[in-house]
Structure formats: structure tokens, C-alpha cells
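Got a structure for you, questions after.
So that you can tell them apart, the chains are marked A, B, C, D and E in the order they are listed, and the count of residues begins at 1 in each.
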Amino acid sequence: MHEPIRPLLDVSDLTVDIDGARVVDGVSFTVAPGEVMALVGESGCGKSLTAFAMLGLLPSVARRTEGRILLGDRDLATFSERQLRKARGKDISIIFQEPSASLDPLASVGSQIADAYRIHTGASRADAFEKARQMLVDVGIPDPDRRLDQFPFELSGGMCQRIMIAIALICGPRVLVADEPTTALDVTIQAQILDLMKKLVADHGTSIVLITHDMGVVADIADHVAVMYAGRIAEIAPVQDLFDHPAHPYTALLLASVPRLDVAPKADLATIEGSVPTPQEFGPGCHFASRCPLVTDKCRVEQPPLFAQGYGHRSACWHIDRIAEITGMLP
Amino acid sequence: MLRYVGERLLQAMIAIFGVLTIVFIVMHLSGDPTLLLVPQGASAEMIADLRRELGFDRPLWVQYVGYLNDLIHLDFGESVVQRVPAIDIVASRLPYTIQLAAGALTVAIGVGIPAGILMATRRGGWLDRVLTAVVVTGQSVPTFLSAILLIFVFAVTLGWLPASGIGGLSNLVMPSIALGALSMSTFARMTRISVADELSKDYVRAARARGLPMPKIIVRHVLRNASIPVISIAALEIGNLLAGAVIIETVFAWPGIGQLAIQSIQARDFLIVQVIVLLISFVYVITAVLADFIYAIVDPRIRLAR
Amino acid sequence: QSAKTTLTIDLPNEPATLDPHLQWNTDSYSVYRNIFDNLLTRDVSGEIVGQIATEWTYLDDTTIEFKIRDDVSFQDGTKLTAEDVAYSILRIIDPALKSPQLSQFNQIDTAVATDATTVKMTTKSPYPALLAQLVKLSIVPKAYMEKVGAQEFNVKPIGSGPYALGEWQKGVQTELKANDGYWRAKPPFETVVFRAVPDVSTRIADLKTGKADLIRDLSPDQTDSIKETENTKVLSVATERVGYMYINAQAGPTTDVRVRQAIAYAIDRSALIEALLQGYGAQVNIIGAPPVFGYTDEVAGYDYDPDKARELIKEAGAEGAKLEFLTSPSYSRALVEAIQQMLNDVGFDVSISASDQATFLKRRQGNPENAGSLAFGAWSCACQDADGIIFPLFRSGSQWAKYANPDYDALVDSARSTLDKDQRMADYKKAYEILREDVPGLGLYQAFAVYGANAKLNWEPTANESMFIMDMSWQQ
Amino acid sequence: MSDTHQVLEIRDVAVHFNGRSGLFGRSQFVVKAVNGVSLDIAAGETVALVGESGCGKSTLSNTIVGLQQPVEGSIRIAGEEVVGARGKALNDIRRKVQMIFQDPALSLDPRSTIGAAIAEPLIVRGIARGEALKSRIAKLLTEVGLRPEHADRYPHQFSGGQRQRVVIARALALEPALVVCDEPVSALDVSVRAQILNLLVALQKRTGVAYLFVSHDLSVVRHICDRVVVMYLGRFVEIADRDTFFANPKHPYTKALMSAVPEADPRLQRSRERLILTGELPSPSNIPPGCAFHTRCPLATEICSRVRPELTSRADGSTVACHHV
Amino acid sequence: MTLATLSTSLSARFRRIPLPILAVIAILITMVLLAALAPWIAPADPSRQDLFARLKPPGFVGRSGITYWFGTDDLGRDLLSRVLYGAGVSLGVALLSVIVSTLVGVSLGMIAGWFRGWVEVVIMRLVDIMMSIPAVLLAVLTVAVLGPGFLKLVLVLGLTRWPRYTRVAYGQTLQVANLPFIKASELAGAGAARILFHHVLPNIAGPVLVVATAEFGLMILTEAGLSFLGLGIQPPTPSWGSIMSVGREYVERAWWIVLFPGLSLFFLVFSVNLLGDWLRDQLDPRSRTR
């Protein structure tokens, strides 16, 4: 599972500025074919921006200042808008956080799925619709013929999510970026979608970058996990390693916040004191310094690099050796 | 939906009735046409006689009941000035009004909407600035002035277009531009705002993520979504174009309803005014209901929202 | 150009009706007077002469007998007889017709055709202005009218005049076709088109671009550009219309005669005429113009004397008196503003109240309290008789009068009930003298009618502001 | 009924929406969002309401606080009838019940300060003004773990978790007897979610408030609730104590739900047996006859498509609506 | 408090004002200042006539030695002074009528959108009625019944324009009324008046603002149109509209009469529009988070 295959996606040093504030700061990770990389972290830490930056879809206020995004051996960061357009949907696709907002409310879902196919393959309308129908069957939507003519508002949230997935997958992309694809869905539908992704990975060797805040989902599907905090990667590790031996205070505290069977009902859950600094408040040192129980002066002034912790496991903390103090403090 | 239409039409009837009543009362409060009809120097008795013969001496409510009674029998009455059925007079003007309104709408929509789209997509760029200046010009030159300037330039100086009156398409050009300019600005602004709004929405980004080129996104997705406020404006503007063309029609000697309206108001030719008001509110109501239907066609959600 | 067979005339509005008994507004009669013949008319010098009538004699003070031509046919071929004339008279005085012109003819009691060429008419009392009024009486065909009814006649009129109605495009233009069998002569143009062009600037543009050959109601300021343009010229004529000020003698600060006199002294008539009218106006001392019977230049005027005016104001204790100046868009805004300034200069506080014509008339003719202090007016009775001017304007009890003076009333009453011209002239002179003293109104100038025309059009406009196409022709 | 009232008594409540479709509304239909449910909640109790998306949870919540009128049934809060109450009566009842909406960002007016938001109920009810009001706000803010000086800030200046606390502070300002929480934590990340849950529990311990807690996250439900109600297509299909519920879920839908919850432990999660539901999802405008779940139920038999199972009590105190338990 | 809330939120948001907007604000302030200071800075009495110095071009030196920088009008009055004084009248008419129609229109729109039911039907049908009556008709008749005058003009303009605001406010209120934070206020026990003025109004202010700025220029034009029909501000008081309506008769002979008020109006409308668009962007929550 940890064999060093040549990565399909190699993001390095990705940096995004908004109004002079560094909201994504030197993010690097690689994803091998058929692998799922989970990106987790507190709300607002820059996960979505990282995803947008990979496809060249940053909002107009944001600017990518640095970074390489190698897809195979081509660098998406150097692409013109025209080249990007050709790559989007075909080489690299994205599923957005909010499925109903990401579908044109006034176009039938069939046409939206088929459009993506026609653009990249030049297929005829009839062919594209046939392909779209096939995709609906693949994502497990019953009665696809009727659904193709329906509008997004006529579908439930889970169905919209699956439509988005169908659009993202119709051209057989090599990389799929999924930004919180299951938030706001109930668990039964969530399970269906996760199963679909697993099938994709298994059948087509697609690489997936999965953004989520649900540790259960991570546990279910991810191969590797990158934990982000305030624009930087705090820790990156194979999934089992991360759950077993978190090597960053933030990761440890995050995992501890999940309600578990062994925590008595209505007992206090572990939390992280304080709140995420805004990009304007970022100091020169470790961004987690303001909330870290292990903080020392060094943390405040000097940014920790990603230290290797084991095979494929790296963590950006000056005090990895003292992590046990945290795990010990936890209930 | 049928019930909705029924209800809507019933309300519309009541509204039209309200319009007629208000106009009736205010018109009559503002005086009757007798003094305008008699030659200078007519004596008081003569004026009183004529007033009595025309029926303007009766109490207001009697006149009103009489008017409603005629209306129920689809008798719209006769112009006191022209002594011809009011409905015939208005009907004779209708084709010209429709021509002019169509011309002006063509200018307003044909120029305004593309300009709005360009402004929205090039927001902040030089094209946006240039078009903004054009739009503002449309909004800041009084029509009576722009009309006469057009005449001086294109009719008197260049001799390209006829200065006044009806006739071929060439007669329609200048009035349409002069009348459409203001609406054009409104359409351009409204289109700019709503297209810009749509462009910032997630589905546009999603469409880009699918690999769709921008022009295609605009044509396929953005325009349809941005069209609702523009349709509302169009519905308002159509009513406006019918009656709002007073000055344009006067300057270009265009025999439309607007000119007839102001002349009849000034002449206190009540029954013509009433027919015009009836017509305008009718058009207004129809366009409003029609707009609702277009909403429902453009946006399938609206069907259920009722 | 001389080959042009169509004459195009831009009027401000379309004719309201073409039934000559129903409307008496300029735009209507400019058109229909070319379709119908009248009983009488005026020649170029302003004398009343026969048109359909060949001669007339007073049988007594209230009875008059007309001899009718026997060589006139209507445009449908039927012959015009005394029956038609009597019918036309009876029709217009029939209250059921609701003719707005009734007041001009209501002195007539009855008319009968005594034979094919004779009509006998009786009036209720001796009525000196009768002939002047009959100048406006058009003759309509009795048989046709009775056949088609008034409604139909209104849109398809038939008369005996030089032109027959061609096509009437409502709201756009009225086209007249020459009546080649016209009894007086062959009409000068095959077709005449009257267009409705409300805006004067547009009428000028039409004239300059050759779309129109004759336009009316120009303001003096606009004459320059027409004079400067090749192919166009300005035609003008002094008319019977008089520009005057009304001054309310029955309410407000102007009840004091000294205030009214002060107003008269304060207005610089020559400045108005020279600067604003650009000479298209002639100074008068009374409310009347030379073409009018009863006009006299022997009554002295008020010369421009602001100091005298201030003195009078002081005497009357009316410094800073608030005067409301009524006006409507029908009157020259520049004149009104200029007069306002002149009055303010001598110490009044004049405010202008503009409203639409209907409201203006309602106030002006309503009770004195609400009738403002001042108004500007341009009066023409189209009868060229002082009876049509100062009687309605100042005879107490009249709608317009905000003034009462029994001596004056006696004079104008006497002048309207005798046929003796000298007696009438004397009465009017006395009446004008009273008006000069009391100043319930003030004559300002004799108005000129100003037309713009194609340089090749021959036409001499007349004092009564009519547009007889028979008098026009293309220059050879 | 006895004199000792529960905080909330719901009896046979049904809420329907009128839907129309087709260009001219040819087809009219009724969405039976809530279809005859009954429930009691005692003071200091937390009851969870779980169920598939679209089953009527939010509709029921809105109905309880009077934002939605039921077509039938009765809702009493501290003994007073909500249904049909208007004006002052409704206003008085509303003192005793508050609601926390799903999305904190949307439930705060973006254009008024959070101080004003918290002050609103106090001002409107004339409870406090001037200095007293200020100190009251300060106290409430401290209680939910914010600082008094935050009162002058606008909602957009807070993080999602902080905003949710503001909403809670406002809901508690009037010291209600019942708070209806409609998915209060589903949009939050785990650490923030933990803060909110802790806060809710602490407040309940101190003030004895009762919660109706709508959620689709069963780990959260297990953590803070005393009783669980499972809803499916507008009806309750299972009601049980927490321990009974998690130890021994009975209704087949509940079982499917439980098996779909991912565990935050890769090893455990990947080795789990899961019950995947198949079959057509029925719509609330066209509820199938018999048991609404029978189209997707692994245990369905012929009787399920004919006879609707009633909620019946079981030995361990839970009530279940199923023919085959 | 609503206004205070709005203004604090505005000031918080507007700390960084882009340069073009600053320029526009400067233009507007200058115009307002010029209008307010007209009595002191105008070189002549705006109604002082000189019938022998009519229609003189810009730069003409009059008999009394004064220079007419903008030329003279058809009664020999100093055009510069008239444009300066006219600014006050035109701005005043536009501002007041926009305020009147905003107050009436927005209140009714909010009430209709909030209470729904028969209130909505009555108000919205009233809007239909008002929209169906040609504005000229109302203008002519109001002047006929009430007489002319500045305040009556404002009344006419306000009266004919409020339905537009009502439509906008109504549509927006329908949207806003369903937002959870409004429901939350309702649950807090807030009454309709409180909710409408404290919560709905600030949240629909953006679109209303756009309408109001667009209407602002339109009101000046409408006043001009009424002047053209002889029903506007009473002479000799100058307004840009009345100056232009006189000037149109002289576009060939004396172009300066329409040029100067026309240019002023262009700059005013331009500035107000830019400012309005910008304000709208600032108030729109979506554009803030973008």
C-alpha cells in the first residue's frame, strides 16, 4: 500500500494570496494513481482554495503566487486559460462543496452532464445523452431516463450530489478533487456515495483528493491524510498511522474531539481552546502556536518544517517528541 | 395555475376599475372642456348652455354612474371635441403606437442587453467604462433635447432621414432611438447587474470546471438565469413606452397614443383619456400576467412556487 | 419646382372635426374653410363682401334678406340653393347640435328660404356684428347631411369649396383634392396636404428639408434661421389679434385704480416689441387693433414711466404688493417673464402661476377672488369688431370681466344694439377712454401672424389669420 | 390529562403542503411532510429526532415553535396550546420555546451586531433596558464562552462555531423551557462541534432546559440525547431510550441507518458489515400504501404493502412501527 | 438605531474607497456646494434681464461691464448664474422626490411583502393602478387641481414614482422574510414593525439604493420634461430642466443654453450612477464574500 509508485498528481509549494494575506502557504502533497488523499482541517483553513488553485478556478480576489501542480508530467500552473479549459473535466475534475449551488438551476441535469462530454469529445447530442444516461446508472440513480429531463430542484440533495459526480466523471478524469462531497447528506446517502468512489478508484485507478471534516469518512475511504491548519499542512500521513499515532498537536486534539463510544454520554468532549487566527493575524512562527498546549517561544517565531515521522508520515511541529503529553491529557 | 390566472384577472379587473374611477374623478375635478370649446367672448349663459347640453352640469356621481352604465354596454362614448366615437380615435392611433413601441423596444433591448452583458463580463475594463458613459448619456439627456438634436443632425444637416411624420422605416429610426435611449440605459444597467450577479455564482465556476468556454457558459446558463429581472423591467417598460412617449411623439409628429393622450388631457376630452387609460392598464395587466408566464417558462421552479 | 402639384402645410394639430358647424379652432378651420364656401367673406382690404350671397338688404333693424348665387354646386354635383343656406343657419343655432359656435350666432332668431335664391333671416334684436359673424358661416348641403347624419358628415364632409376631402389619415394628415369645377376659378394646386406637427422646431425642420411648403405659428426668434436658409422665406402680416394685459379690478391689490395705472406705466411696450417680438408687432394704446371696427388711435396710451409708476404705488401704499400672474403654455413664456421683471422693477412682487389651458381658463373666467391679479392674453374674435373684444372682456357680468362700471356698460350695450356706424364708433371711443382711466386691462401690441414658406410660394396672409388656398400659387 | 404537564406534548400532528406542477397546474398534489405524530418531552430531557433527509424533521420543528400551522393535531408547550394561537397568546407561548436553526450564518441578521441580536428578545419583552440590558448581554455572552466586548461585532466577523454560540445565547436569553435545535452542528467541523455540544450539555445541567435535537449524526445523538425518535416519511417509526436504541435498534430502517454511520477508526470502519438500502425512494407527495418503508425494506412481505404498522410498545420500553420485529 | 446600525456597518466597510469613487464623491460635493453657495458665488442675479443682451455667446461683455462666462439666455439673463442657481432647484427636486417616493414606496412594499394576504393584494393592485395611469396625466391634473409649485412638483414626482420602489421592496421582502434570521426575530417575540425596520429594511437597502440612484437622474429629466410642457418649476426660478427646455428652441442659434446645464446634468447623473453601483456592491453580501 505504501509502495512508491510514480505519483499522478504532484502539488508542491502551492501558495495563494488574498489581499496580501497568505491564505494557502506552501502546500505540497502527492497522490498516486488509484489512491485517495484526504484533506482535513478546521473550517476556513484553505482546503477549498487549494482545490480551486489546482484547477485554476480561484476567485478573482485570490492569486496563486507560487507552486507547481504536476499532473503526470505537465504543470497545470503554467497552462493558459485555453489549455486549462481543455484539461478541466477531462484530466482533472472537481466536485464542489455545495452541489445544488453548483448546478445551473435552469438547465436540465441531462444537458449539464452531456455538455461536459460533448465539449471534450465532440460527440453528437444523442451520443452524449446516451453517455449521460449511462453515467446516471453508474452513480446509482434509479430511473435515469426520467431524471435526465428533470431540473436540479426536482432532485433531492443526494441526487444532486450524484449528478455532480456524474459530471465530474463522464470524461474519465485521471484526478478527481472532491470538496466535502457528503456534508449535509444523511448517512445512508453518504454511504452510497462513498461506495461509488471506492468503486471508481478500484475500477479506473482514478486518483482522488477528498476534502472533508468528517473523520468517519476519512477512516472509511482515505489512503493518506493531509491535515491542514491555517493555510499550511500540519501533518501528512497514511490513514492508519494518522489515527494511531497523530504526530501534530492539532491532529491529536482534532481526533480527540470526535464523540466516541468510550466517552460517557453528556460528558465533556475534548475541544481546542481559542479560535483559528485570521490570515491577518498570522505570526511568523507556527500558526497553531496560539492554541497549542505544547507551545514554546520557538514556536512563535520560527515556522516548523515538515519533519519525517515514518514512512510517508511527516509533521510540522517542533515538539513531536512531546505529543504523548497531549494524548495523555485527553480523557 | 388556472385558478391563479383567474384570480389574477379578477384582481386586474378591479385594478382597471380603480384606474378608471381615479382618472374619472381627478379629471372631472380638474375642470371640464366647455371653456376650451367655446370661442373667445362667449357669454356666461352660452357657456352654461353648452355645459348643460354636454352634460357636465350634472352631479359627479350621476356622470360617473352614466359612464359606468355606458361602459357595461361597451359604449366608450364620443369625443366632445371631435364628435367621433372615442374608441375609433384611439384605435386609429394604435398602429403607430405599436410601431413606435416596437422600434423603441428593439433599440432598448437590442442595444441595452448586449451592452449590459459586455459591461458585466468586462467589469472594470475600458469597454465597461466606455459603455457606462454611453448609458449615462442615455440617462442624462432629456428626450425633448435629444429628439431635436437628432432632427437637426440627421434630417436638417445631413438630410438622411425625414424630420417628422410617419411613413417607411426611415421615419421610425429617429423616434425609436430617442424613445429607446432611456429604456436602453435601464436595460443595460439591469442586465449588467444581474449578469454580474450570476457570474459570481457557484454554478458558473462549476461550468468552467467542466471545461466549458466562457461565451458558451454565458449563452447557455448565465443569460437564462439573469433574465428574470430583465423580464420584469421589460414588462414595466412596455407600459411605459405606450404612454411615456408624449414628448417624442410630439416632437416627431408621430401620431401615437402618447400625443393623443396629452392633447386629450389638455382638451379635457375625458372619454378619449378614459379609453387610453383603459388600454394602457389593459396592456399593463396583460404584460404583467404574461411576464409571470415567461417566468414560469424560463424558471421551472416558479411553477411550483405558487 | 413649379411643376409641383402638391402643397404641403404643417399645422400644429390635425383638424378636430371637418364639420364646420362643430369646431372653431384654428387648426380645424384652416382646413375646412377650403372645403366649404361661406355666406360672406372679407376681401384683401378687410371689407365684408359676398361669397355665396351676392347681395343683402336690411328689411328692418332685425330682418335681412340675402340673395344667393345660383351657379354653385356641391362637390357631389348637387346644386347649392337657398334651402341649404337656411338649413345651415338653422342647424348651427339648433341647441341640439351643441355647437360651440352657438354663441356667435345666437342673436339669429330664424332663417327661411323664400325662394331658390333668397333667404330671409331675422335676429332677436338689432345686431350690428351680424355680418361680421356670418363671415364664419359655412354652407353645408342639406340633402347630403340629412342622408348621412352628422357623424358620417364629420368624416366625409362635402362642401362647395375649392377643395374636396381626399383622404383623412387621422392624427397624421388631411389630404384635399382640387375641385376642378369650382365656381370661382380652377384651384391652384391639385393636392393640398395638411400635416399635424405639434412642435414648432420640427415644423421648421420640415420646412427646411422641403417636407413642408408652408408652416404656421412661428415665434419671432425663429424667423432668422428661416430667412438665412435658401429656399425658405418668412411671411408675416399684422392681424386683428391684440396682445393685452388683464388686470383684476375686483380683487387683490389691483382693486386700487392707482395700482392698475402703475402697472400700465411700468410696462415698456416698445422694448417688448423690439426685443422680444423682433418687430413682429405694432404698438397699440387700446385693446384693439387697426383691422377692427371701433379701433381708434385717438385715445392716449400710457407711456413707459417707471418713476411715475413707483410714485403711484407709493400713493396707493402698495409697495411690494403680491401679484399673481396667471399664464398657460399657450402664451409666450418670454413675454410673461419680461413683464414680470418690469413689474418687479417698480416694486411689485409678481409670481407666475402656469397651468394648462383648461385650468387657466377656469380661473381666469371664474370668480374674481381666484382669478389672479394679472394675465397676459392675445385676443381675436375673428369678427374684426370691437363688440367681439371689449364687450366680453369688460362688460360687467361677462365671464372675463373682473371689472364693473355702469357708464362703460351703457356704452358697449348701446354700441351693440344699433346699426349706425358713426354712433357705434363714438360709443367705442368713449368706452376706450373709460378703459384708459380705469385700466381693467391694457393693450400692448397688435400681433403679427408669422409664417414660414417655401421661397417659391406666392401668398399674402390676411389679418384674420385664415389660410385660403385659393389665394396661394407657385411662383412661375 | 394530568395536571403535571410535560414541557412539550404533541398529539397527532400532521402538516401538509400544497404542491402544484405542470405549466398550468394541471396536476395538484399534497406533500404530506408530517403525517400524524405524537410525542412528549419532559423538563430537562433531550430527545433526538433522526431520519432521512426530507422526512419532515424541519417541518415538525417549525410547527412546534409556531412558524408553521399543522392541518390537524395539538401541540402544547408547558400546557398551553400552540395550534391556533395568535397574537399575544402565541407571543407568550414563544417565551417558553426557542429554536436554533441549522445554519448560524443565516439565522443572524448580517446587518445588526450580535449584541443587538441577543438584546432583541429582552427588549421586545421589556425584560431589561439600559445598563441592566448590557450586563445581561455580557452575562449571556460569557455563559456561551464569548467575551462581553464581542457584543459590538457583526456576525461576519465570527467563525461558524462562534456564530452558533451567539445563536444559542439568543435562544437562551429568555430562559425557555424548551429549545428546538434543527441540525445545530451538522455544518461544523469536529472541534467546533465539540465546543457546542459541551455548551448545550452544560446549559441543560444548569437550567434544566429540554431539547428537541434534530440531527443526522448518530454519534452526536448518542452523546447528548436521552431518547431517540426515528422518523421516516412523515411518521415516527421507532422511539426508544438512548441505551436501548443503540444497543438494540429494531426497525429495519433504523438498522440501515446505524450501519451506515462511519466510525472514526479506519480499521473498525473498513471491517464493518453494512446494510445498503436499495429500491425506490418514495416521495412525500405519493406515500405508498401500507408501511412507507416497504419499497426499500429487506424484510418486507406482502402484508407490509397493505397494512400500515402502528407504533406498538415492546418489552424494553421502546415503541416500533413494524410488522416484523 | 437602524440608521445607526447601517451607518456603522457602512463606515466599517468603506474604509478603503477606490480612487474613481473618491473623484465622483468630490464632484458631487462640489455640485452640492456650488448649489448651496450660489447666492454668494453667482456673478449676477439669475433673473436679472437685459432685453438688449439676448442670446449672447459665452464670454460676452455686457453694457454694465460684467462678463457673461456662459453667455446669456433668451431674456438676456446670465446663464452661469442661472445654472448655479438651477443646480439647487434640480438637486432639490430630485433629492426630495426620491426621498418621498422611497419612503412611501419602500414602506408599502415591505408591508405588502410581509403581511401578504389581502394587504398584499390591495397594495400591489394599487401599484398596478398607479403604474397604469400615465404619469403625464397625473402631472397635468395635479397641477390643475393643486396649482404649480416646488413642493407640488415634488409631490407629483413622488406620487408617480413610488410604485417602482414598492415593486422592488416587495420582491426583496418576500425573499428576506423567509430567511432564518427573520424567523429567529419572530421567535424572539419581535413585532412586525420592529422586524421590518430593524431587520428587513437594512437587508433590502442595497437594491433599493440602486433604484433610488437610477431614479435620481430620471427625476431631473422628468422635471425637465414637465418644464417642457410648461408645468415644472415656475419662472423665473431656474432649473436645469427649464433652462434646457428654453434652450432647445435655440439649439441652432445659441447652443450654449443647452450645453452648460446639459453637461452639468451629465456629470451629476454619471456620478450618482457610479456611486450607486459602488454602494450596491458594498452592500451586497455576496460581493463582500467574493
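The rule we apply is simple: contacts are C-beta pairs under 8 Å (C-beta built on N, C-alpha and C of every residue); 3 or more make two chains touch, one makes a residue touch a chain.
Worth saying up front: this structure is predicted, and the values here are computed from it rather than measured.
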item	value
Minimal step count in the chain contact network, chain A to chain C	2
Maximum centroid distance from chain C, chain identifier (CA atoms)	A
Chain pair showing more contacts of the two, B-E and C-E	B-E
Distance between the centres, which are taken as Cα means, of chain D and chain A, whole angstrom	30
Cα-centroid distance, chain C relative to chain D, in whole angstrom	87
Interchain centroid distance [CA atoms averaged], chain B/chain D, Å	52
Whole-Å separation of chain centres (CA-atom averages), chain D against chain E	50
Of all residues in chain E, the ones touching two or more other chains	140, 144, 229, 248, 251-252, 290
Junction residues of chain C, two or more chains touched	201, 356, 358-359
Multi-chain contact sites of chain A, meaning residues that touch two or more partners	none
Of all residues in chain A, those that touch chain B in their complex	52, 55, 57, 85-90, 93-94, 96, 98, 101-107, 112, 115-116, 119-120, 151, 153-154, 164, 167
Of all residues in chain B, those that touch chain C in their complex	30-31, 33, 35-44, 46-47, 49-50, 53-54, 81-84, 89, 92-93, 96, 148, 151-152, 155-156, 159, 162-166, 250-253, 255, 259-260, 263, 265-268
Residues of chain D defined as touching chain A within the complex	51-54, 159-162, 186-195, 197-198, 201, 216-220, 222-225, 242, 256-257, 260-270, 274, 276-277, 280-281
Parts of chain C lying in touch with chain E, wherever the complex brings them together	200-201, 219, 221-222, 224-225, 271-272, 275-276, 328-329, 333-334, 336-338, 340-341, 351-356, 358-359
Footprint of chain B on chain E - complex, ascending	121, 125-126, 128-129, 131-138, 140-141, 144-145, 164, 167, 210, 214, 217-218, 221, 224-225, 228-229, 241, 244-245, 247-248, 251-252, 258, 262, 265-266, 268-270, 273-274, 277, 280, 286-287, 290
